[in-house]
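Next come the structures, one after another.
One chain, chain A, appears in both complexes that follow, with chain B as partner in the first and chain C in the second.
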Partner chain A sequence: MRSWMRAATLAALLGAMAAAAEARTVRWAASGDPNTMDPHSQNVGTVTMVLQQVYDALVARNPDLSPAPGLATAWEQHEPTRWRFTLRPGVRFHEGEAFTAEDVVFSIERALQPTSNFGIFVDTIERAEKVDDLTVDIVTKVPDPILPNKLASVFMMSRSWAERHNATRPQNTRQREEMHTVRSANGTGAYRLALREPDVRTVLARNPDWWGWREEGNRGNVTEIVFRPIASDATRIAALLSGEVDFVLDPPLQDLARLRNAPNVKVLEGPEIRTLYIVFDVGRDELLYSDVKGRNPFRDLRVRQALYHAIDIQAIHRATMRGQSVPTGTLFPEQVNGYVKEEDVRLPFDAARARALLAEAGYPNGFSVTLDCPNNRYINDEQICQNIAAMWSRVGVRTALKAQPLGPFFAQIQRADTSVYLLGWGVPTLDALYSFQSLLATRGGQPGDGIWNFGGYSNPRMDALIGRMKTESGEARQAAIREALRLYREDVPHIPLHHQMIPWAMRANISMPHMANNQPFFRWAVVE
Partner chain B sequence: MAAPAFVRAFDSDLWWSFRRSPVTVLSAVVALVCVGGALLAPLLAPHNPFDLASLNLLDAFKPPAWAAEGDLAYPLGTDDQGRDMLSAIMYGARVSLLVGVSAVLFSTLLGVALGLLAGYLGGAVDAVLMRIADIQLTFPSILVALLVDGVVRAALPREVHDQVALFVVIFAIGISNWPQFARTVRGSTLVERNKEYVLAARVIGLSRLRIMLTHVLPNVLGPVLVIATLSLGFAILAEATLSFLGVGVPPTQPSLGTLIRIGNDFLFSGEWWITIFPGAALVAMVLSVNLLGDWLRDALNPKLR
Partner chain C sequence: MFAFILSRILQALPVMLTVALISFAMFAYVGDPVAIMLGQDFTEAQRDALVRELGLDQPFFVQFAKFVVNAAQGEFGLSYRLSRPVAELIAERAPATLELAFCAAALALLVGVPMGVYTGLYRNSWLSRFFLTFSLIGVSLPTFLIGILLILIFSVWLGWLPSFGRGDVVQLGWWSTGFLTWSGIRALILPSITLGLFQLTLIMRLVRAEMLEVLRTDYIKFARARGLPNRAVHFGHALKNTLVPVITIAGLQLGAIIAFAIVTETVFQWPGMGLLFIQSVNAADIPVMAAYLLLIALVFVVINLVVDLLYYAVDPRLRVERGAVRGA
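This part shows the complex of A and B:
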């Protein structure tokens, strides 16, 4: 009896030890918690960073963000308006459903619904057609050369699962709708959602059946990911230093020096494909929030140039960003197709020139204006706005700052209820058209045109160039982008500030590729 | 008519007991410096931290003047915007004091009035008022203040809320502290109302209101003065706590608590002066006020003389 018990205890102990050796948990912290688990409801980095561990798209991305086979193993443009995708055989969802062409058609239709926030990625799609179980045709309204790049952002769901749980259309986050997909997820990805406690923790467990584990060169060995939102900068860093968490996605810039010197902690640095701008209201005849009545000073190019000259971007780079930014004079960073080095030139910092331009434009004593700004969306967003408000005030433009959390801020600017605001813009498609079409096309044209153009910028020449980007290809298309970048620099509809740098801090025994879209892929993470 | 008790209390033996205690003199000096610096901030402060045009980002994160990279223009260093810490503290103390004094005035007025009513009228009025006070005393006062602020925040649109935020904080702190005053005043009133002078006033047919205000009130104010002084320390701390939590005064009018909260983000990165100096100012202010209150309590207590 006794020896039997001893043997059982020994076996249990050995088992526990083996499990401990096998279990490789990464405890991950970031400042914000995803506000939904629905794959098509919020096109927001905070949501995607968790969901992309759980869901796959037709097209995956390599660590350098170039397209790679995902749920589709091959694709080709059959006709100008018809793309054919060949699906990966033998893939199953976490709850057991087989992945087929039905699910692709369903997921694309779901992303096209009015409550979807992913319209920009499927805007050109007319319909998706099932050819056979493992082949899908996607028919576009106009030729769309970058469709595969866009589809890398559209997650694939199971039709039968969504129907069973009454979730055939995306959750309406604006009305805080409750439905099954808010707390549950069923993807084909490397990890399945094991536990979801909003604002407390989200646990992801390794999906041993994921197709990608068998891919060549993938040494990913993380078995469990525990995500916890920790809003306070100081607390998040204390948690990393004390060993309570292993990976911090957004370490505060002021603590990087300390983290670099800490034992057992390393900092991965790299650029993000996200650019910050100051956007002017150039549409209205009179500004909503200014003491200038009867005219809109921002419609005058000289005023926009003056405010550009007033910004000392190097001071922001050094003091506020602590060197973790790439000052820029253009619309997007060099990783994006269409980038032209010669157009990446800023108007120099020159306060005297700024005052002279203001006087020339008829504002020798300046004027007052309110700058709208988020305070928890971009790295040091509120501080940047405070810097700019001070710099503008020094040349006579008395700037009041209204900084608010991203919820009310985005609601306000999406009503165009602003005179000038700070915006950060990432380019998930890695193509110039995404930025030009969303930010600079005249509002109300074709679907997707100007959907984030809340300054009301409208220039027929720009619209014509954007039209050429949509339909042309090859050198003609690159020429259109080049010309549009030149026009952007001459017209100053925005003041570009910088591209963000996104340091990640983690325990030294973790190695994983740094992603320029600020989305960690734990499928490639190796814990020694 | 006899001079009211609290006026009599200021004759010479109070002054004597003040001079006899070096701690009290020292705290009075510190309190005077704090209050003087705060009130005269626009005249004394080397910079105006609210004038955006005077800020220069190139001066951000300057350590205090005595450190190697310090700058004499910024005796206590600068914050992340290049704002002079000394000036920010002086202006911040102004907001802290304004909120503290107003909140104490508010709770004094409310507490004294209700305590007087309860003590003098007795019966059902007394029972109801004191039970309300008891209930409120079971909640930590900071919780009451948070509750009031939360309700107002939810009820008002953001723009309106920012304009009235200062009053909301004053109300929230004031309302959380009135039971102390009410209970003390009620106790003293219970004693006073049976004394001969009150009976005499009643016999000659004075109205109850008149008796309460002109006869009882002046004789119960001594302890109120002590509680008010001690409450000032509490109110300043409560305001700092609320602002530290981000629910106090709006960031456009940073108080000491707001400054400490901002500085907290830089605690790990070596820029300790952004949070330590406002913290030290807060400690100096509250400690000196509390020591003065303690002394006043002892000095006005006949049993300790």
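This part shows the complex of A and C:
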């Protein structure tokens, strides 16, 4: 009896050792921790980067971010305001529930709740209708040609699981009690949430039953992902160099040269879909923070052009960004639908021209203004603003810099309490409309119009073009986008600066595609 | 004694209220939690609804009164950032900070006092000079730099110790401890040194100065004249009389260690209350910040009380005076 037990123990031990040899863990670090595990509560990158391993959406994304079949295998615009999605059969949630049309209807309703932060992705949706167990119709208020692209950001939850755990709405902060979804997740994805200790670690375990492992291209062999937030830049890099973590999502630019030379570490470079601009107050009759009284110099196109000419973008690219930026003259990078290469042209750096334009506009001696800037939101944001303030001062516009942490900074610009500010803008829908509607539509129109237009830009022609982007499709829509990009260049409501680059640093034995939305997908990660 | 404690507690109340008022007033400037909670995309209506829901549209003193009433019942609401009860969050992080502070304080006392005594007794030995030079580093280098240097040497170059985190912890009821696992103890070493180094050098210099002072006094000369052995003179008479200021400083420094573990915790990603506070500042998570500041105020109040009580134990003169007052 005894020896039998000993043999069994030995066999179990050997089995465990074999399994350990098979186990391929990636220890992943980034500066921020996801605030919640709820898929419809907070639309921020730190949450999505973890949850997209756990949850699937109707539409998935390829490594180049183009749409791919996800929980829906096919979709078509049945009528102008009705999209039909055919669901993938045989999919199960991690806790065993079958995935059906009920869950799709429920998830979209949940994302439509006022406590959801995902309104932008479902704003055109009137309702979702179950046709049969594996078919769903989504009815929109207006024709929405880019709905599938938006639905790639809406994760699917199990209705019965949410009801059982009393989590049919995203967390409401006013409630006294924590919701089940804050620390638990039940998706259909490639990894399931094995352990969640907020601000300490999040462990994801491979879901061997994931539908995608049978699909071509998902060659990932990682069995476990351990995510740990490490806020201090120096410590995060030290942990990578000392072998305590395998993958760092956000290495600081100043450490890249060192990382490239470190043994067993590699840096994966790639662009991010995020563009930085200087935004002018063109709405007020008198600037809030300037010595010019009775008029607003930024309402004069020549002044905006002058300040554009004054910026030496190559100097910023070389010295401040250490080559890790893509200087641009347009609203969004080429991965976004609607990009036109011919419109991506900057006004050249020409300080003499800048001075001449200022004199022509009636400011031969320049004027003073305050530039508002965050100091912990975008890569090297404060240094960029310091450069710009110096360049403007050189042509006579005496620029005072007010750099603050993102909390007070965003609070201030959202009150439009600024004369000119730095803004970075990402495009999660990968479509031009998102940027035009939020940044350049006249404020107070339709829902979502001008919600980030704090410079008060308003041009009826632009509004008309945005209206066409919302309702038209095909070539007519592309033409409207092209025209709007031209108008953006002519009007100079912003000075575009550059698209950010987001290098990832990892151990040399890991290979995975770089994602321009800064959201790694471990389904494609291979550890050798 | 009881009356003394009671009076100190009554004195503490206005202190706590003032801290609450100052911190609450400060929050008007840390940023707008609504902006951060709504993220990049929202409508005006959503914004107004959230402002009303959080009660941010009410007058300042109404908000403050509500806050004090709730705080008195230990009710701090839900963290804006993590959607979890604040009291639970703080209780979860407190063990990490307290264990780190305990190790740092133990290090400062157990190493600092002997070093102080040694440098006081043997003023001119080369080892004393070395200690004094070394203590200058501890006093003058900022904490985050010490932490990063230690990480560079012991994690990156030598690979001996972990550069971040707490290692594996064991749950004892609600308390999570790192003392019971090998990786937990290893993880404690670098942060404890970083946090305790300043206090260590401070205590060493203080003990040395006091020792020099005391060794000049008459009763030490009499003790020597009585032929007492050096050990009794140094430790029984001299050291004991240096302890009153040392206890005061060490006590206050313990409060400082707990309160200012923030920098060390950020450098080492130590999942304690200080790191929680920093993350809350970045997200303008007012409920957590308010609770943390009140807790730190409470820690200082309690430590002051304990220090006062320790005086009685160390300095018999105080006991006599009290006794005389009571007898009169």
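To be clear about the criterion, the second predicted complex is superposed on the first by the 504 of 528 C-alpha atoms of A that agree within 3 Å, B and C clash if a C-alpha of one lies under 4 Å from a C-alpha of the other, contacts with A are read in each partner's own complex, and residues count from 1 in each chain.
Simple rule for what comes next: contacts are C-beta pairs under 8 Å (C-beta built on N, C-alpha and C of every residue); 3 or more make two chains touch, one makes a residue touch a chain.
Values in this document were obtained by computation on a predicted structure and should not be read as measured data.
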{"item": "Overlay on chain A: chain C relative to chain B, clash or fit", "value": "clash"}
{"item": "Touching partner for A:N337 - first (chain B), second (chain C), both, neither", "value": "neither"}
{"item": "Partner touching more residues of chain A, whether chain B or chain C", "value": "C"}
{"item": "Which superposed partner A:A257 touches (first chain B, second chain C, both, neither)", "value": "first"}
{"item": "First, second, both or neither for A:I451, with chain B first and chain C second", "value": "second"}
{"item": "Partner chain in contact with A:I316 - chain B first, chain C second, else both or neither", "value": "first"}
{"item": "Touched partner set for A:S160, first chain B, second chain C, both or neither", "value": "neither"}
{"item": "First, second, both or neither for A:P408, with chain B first and chain C second", "value": "both"}
{"item": "Which of chain B and chain C A:N387 touches, first, second, both or neither", "value": "first"}
{"item": "First, second, both or neither for A:A238, with chain B first and chain C second", "value": "both"}
{"item": "Chain B collision site on chain C, chosen from 109-117, 235-243, 253-261 or 271-279, when both complexes are overlaid on chain A", "value": "253-261"}
{"item": "Doubly contacted chain A residues - partners chain C and chain B", "value": "234, 238, 408"}
{"item": "Touching residues on chain A, where the partner in the complex is chain C", "value": "33, 35-36, 38, 41-44, 114, 117, 119-120, 171-179, 182-183, 197-200, 228-232, 234-236, 238-239, 241-244, 376, 405-411, 414, 426, 438, 444, 447-448, 451-452"}
{"item": "In the complex with chain A, residue positions of chain B that touch it", "value": "51-53, 55-58, 60-61, 80-82, 158, 251, 264-271"}
{"item": "Partner chain B, residues of chain A touching it in the complex", "value": "233-234, 237-238, 252, 254-255, 257-258, 312, 315-316, 319-320, 383, 386-387, 389-391, 393-394, 398-399, 403-404, 408"}
{"item": "Residues of chain C defined as touching chain A within the complex", "value": "29-32, 35-44, 46, 49, 53-54, 77-78, 80-85, 88, 148, 151-152, 155-156, 159, 162-166, 266-269, 271, 275-276, 278-279, 281-284"}
